[in-house]
Amino acid sequence: MQTLYLTLALFLLLNLGAGMWRVLRGPSAADRMLAAQLFGTTAVAMLLLLAQASGNAALRDVALLFALLAAVTAVAFVRRAWPETEQVTDDDPN
Amino acid sequence: MTPTDYLAATLLVAGALFFLAGTVGLLRFPDVYTRLHALTKADNVGLGLMVTGLALQAESWAVVGKLLLIWWLVLLAGASVSYLIASGALRRGIRPWRR
Amino acid sequence: MNTAVPYALVGVGLFALGFYALIVHAHLLRKILALNVMGSGVFLLLVALARRSGVALPDVVPQAMVITGIVVAISATALALTLMLRLAAASGRAELPDGRED
Amino acid sequence: MATLTLLQSAFDILLGAALLWLAWRALNCPDLFKAIVLFVAFGLLMALAWVRLEAPDVALAEAAIGAGLTGALLMAALARLRAMTPDEEDSAKRLPLRWLPLAALLLVATGLSYVVLTLPPEAAGLGAEVATHLNSSGVDNPVTAVLLNFRGYDTLLEMVVLLLALLGVWSLGGPPLRRKAAPGPVLDTLARLLAPLLILVAAYLLWVGGHAPGGAFQAGSVLAAAAVLLLLAGWRLPVALTALPLRLTLVAGPGIFVALAVGTLLLEGQLLQYPPAQAGVLILLLEAVATLSIGVTLAALFLGGHPQNDNNDQNNKEQR
């Protein structure tokens, strides 16, 4: 089971790395914020896996904090930093 | 490995696959609304499956409770934030994608 | 070679990256981010070096210092951001005068 | 076992590379908002690094501050900056001798790395000392013991630093940015649900800090996050509380620390040397008051200007 936990944690870290591309690419500020939100959820899952793998219960508290605070940055973005006029046109060639 | 272990392992792997689906959606979907849809749904289900798998292995009910609380919090934050982002994007005139 | 050494090297790398950005970027918000990255590098180095022996009794004094440091870093960041905003309000630019344009 | 070690090394190396890459991009991409988002992600990964270094206390502090407060602080500052200077993009002026600092820093990094790699494998730390005296400290968590007992003066001065930073912000800051837009039902509900939970978790961290990872700093940061969330959702302190009660809360932390320091100096003959029998109770009391002060100070730092300027003309909430 140890191996599985760590493999999955590694897999999620790779996942997170792939999500980084969206932060860099955008195109809109909302996209970047969204990807950061993904990081929070993924980090929670990773911490829970690591907690089970290492038997260190305190890591669940770290995951709890992530889950609680994930919203704060996003709310700060929506309420403060999001410009009223988004200059970027959201056209993705994909 | 007991049957419970196998079940837990299956749930964990399934959860990880949902995370993968969420990331693929984030990278490949055409606009902010579809990406929101991919991320919030897939990741929250993925985390739910992982939490269930880990809860099967948990050493006490307190741990199960904490795991469920964490999942509930992520659901709450994810749902609220995706609503806020989507309505904000609409208000700013980002048009939803049409084929 | 154990877990701690790679993180200590990452700490060194972060410090250097932050320092470089602190020098070359003119925008003050970027400088504040750079200072924070430098700080994170130092914190990482401190804790990783204290842990490198990997014995049963890790040294917790650096950990305690780093916790203090994290809280001090955010309060310093808040003060620096306010100074930046004040400067921007006074001069219209969030950059330090560099003497070349006068 | 070999697979496990390999997996762990792979995780560490990937995490380290991601940290360096995120820092590089955050510091060098032209768009400031992108830089902030990348920096928030960087803080998130830093918390994972602390976990891997088996420093869960630090991971908790980083999770509360790096993942929550720093991002909110930077976003609010960027918004105010944009309101003042429309062309906020970082022009990244070409320095004539750009390669010179690069070369110098490469040299420094190489030298430091060499030192790190050639250090003797055994760290000459204070781990054993802490373990020996842990029994007489009044708590079971060594990090809390160091922060509030063995090196309590660090924490005392740290509280003073927080207060000084806030005084600086208050004396500099103009009136804070005010959003007239109503928070809307979703944000309002979220804040109403999350804020009590955050306060509850802060209390839990404060209590758990005595015997497991947690403590006043982490609890204070979570408390501040609760306040920041409420501020973002449009709540404001009632005017009656912004004058004396707020100031008293702000100085309560450093105040009780100084009182205890003087008291122990007079009674025990040494600064912050608690009598072992009462140490546990004293530390808990100290931590509780410090948590409150840290939380309120950090929240006030987020708000920027003095709250009295902000709501001279308002009641409990922003106009809806």
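By letter and in written order, the chains are A, B, C and D; residue numbering begins at 1 in each of them.
By our rule, contacts are C-beta pairs under 8 Å (C-beta built on N, C-alpha and C of every residue); 3 or more make two chains touch, one makes a residue touch a chain.
Model, not experiment: these values are computed from the prediction.
When the partners of chain A are compared with those of chain D, the chains appearing in both lists are B. Looking at contact counts per chain pair, the maximum sits at C-D. Centroid distances from chain D, each centroid being the mean of CA atoms, peak for B.
In terms of their C-alpha centroids, the spacing between chain B and chain C amounts to 33 Å. Centroids of chain C and chain D (each the mean of its C-alpha atoms) stand 13 Å apart.
For this pair, chain A with chain C, the centres built from the Cα atoms lie 22 Å apart. If each chain is reduced to the centroid of its CA atoms, chain B and chain D end up 28 Å from each other. Counting partner chains per residue, chain B shows two or more touched chains at residues 73, 76-77, 80, 84.
Shared interface positions of chain A, i.e. residues touching 2 or more other chains, are given as 33, 35, 40, 57, 64, 68, 70-71, 75, 78.
Contacts with at least two other chains are made by no residue of chain C. Of all possible chain pairs, the ones that touch are A-B, A-D, B-D, C-D. Of all the residues in chain A, the ones that touch chain B in their complex are 1, 4-5, 8, 11-12, 15, 18-19, 21-22, 28, 30-31, 33-35, 37-38, 40-42, 44-45, 48-49, 52, 57, 60, 63-64, 67-68, 70-71, 74-75, 78, 82, 84-86, 90, 92, 94. On chain A, the positions that touch chain D within their shared complex are 2-3, 6-7, 9-10, 13-14, 16-17, 20, 23-24, 26, 29, 32-33, 35-36, 39-40, 43, 46-47, 50, 56-59, 61-62, 64-66, 68-73, 75-81, 83.
Residues 3-4, 7-8, 10-11, 14-15, 18, 21-22, 25, 29, 33-34, 36-38, 40-41, 44-45, 47-48, 51, 54, 56-57, 59-60, 63-64, 67-69, 71-72, 75-76, 78-79, 82, 177, 179, 183, 187, 190, 194, 197-198, 201, 205, 208, 212-214, 218, 222, 225, 228-229, 232-233 of chain D touch chain A in their complex.
Contact residues on chain D toward chain C in their complex (touch as defined above): 8, 12-13, 16, 19-20, 23-24, 26-28, 32, 35-36, 39, 42, 46, 49-50, 52-55, 57-58, 61-62, 65-66, 69-70, 73-74, 77-78, 80-81, 84-85, 88, 90-93, 95, 98, 101-102, 105-106, 108-109, 112-113, 116-117, 119, 121-123, 125-128, 130-131, 142-143, 146-147, 150-151, 154-155, 158, 161-162, 165-166, 168-169, 172-174, 215, 217-218, 220-221, 294, 297-298, 301-302, 304. Put simply, chain B touches chain D in their complex at residues 73, 76-77, 80, 83-84, 87.
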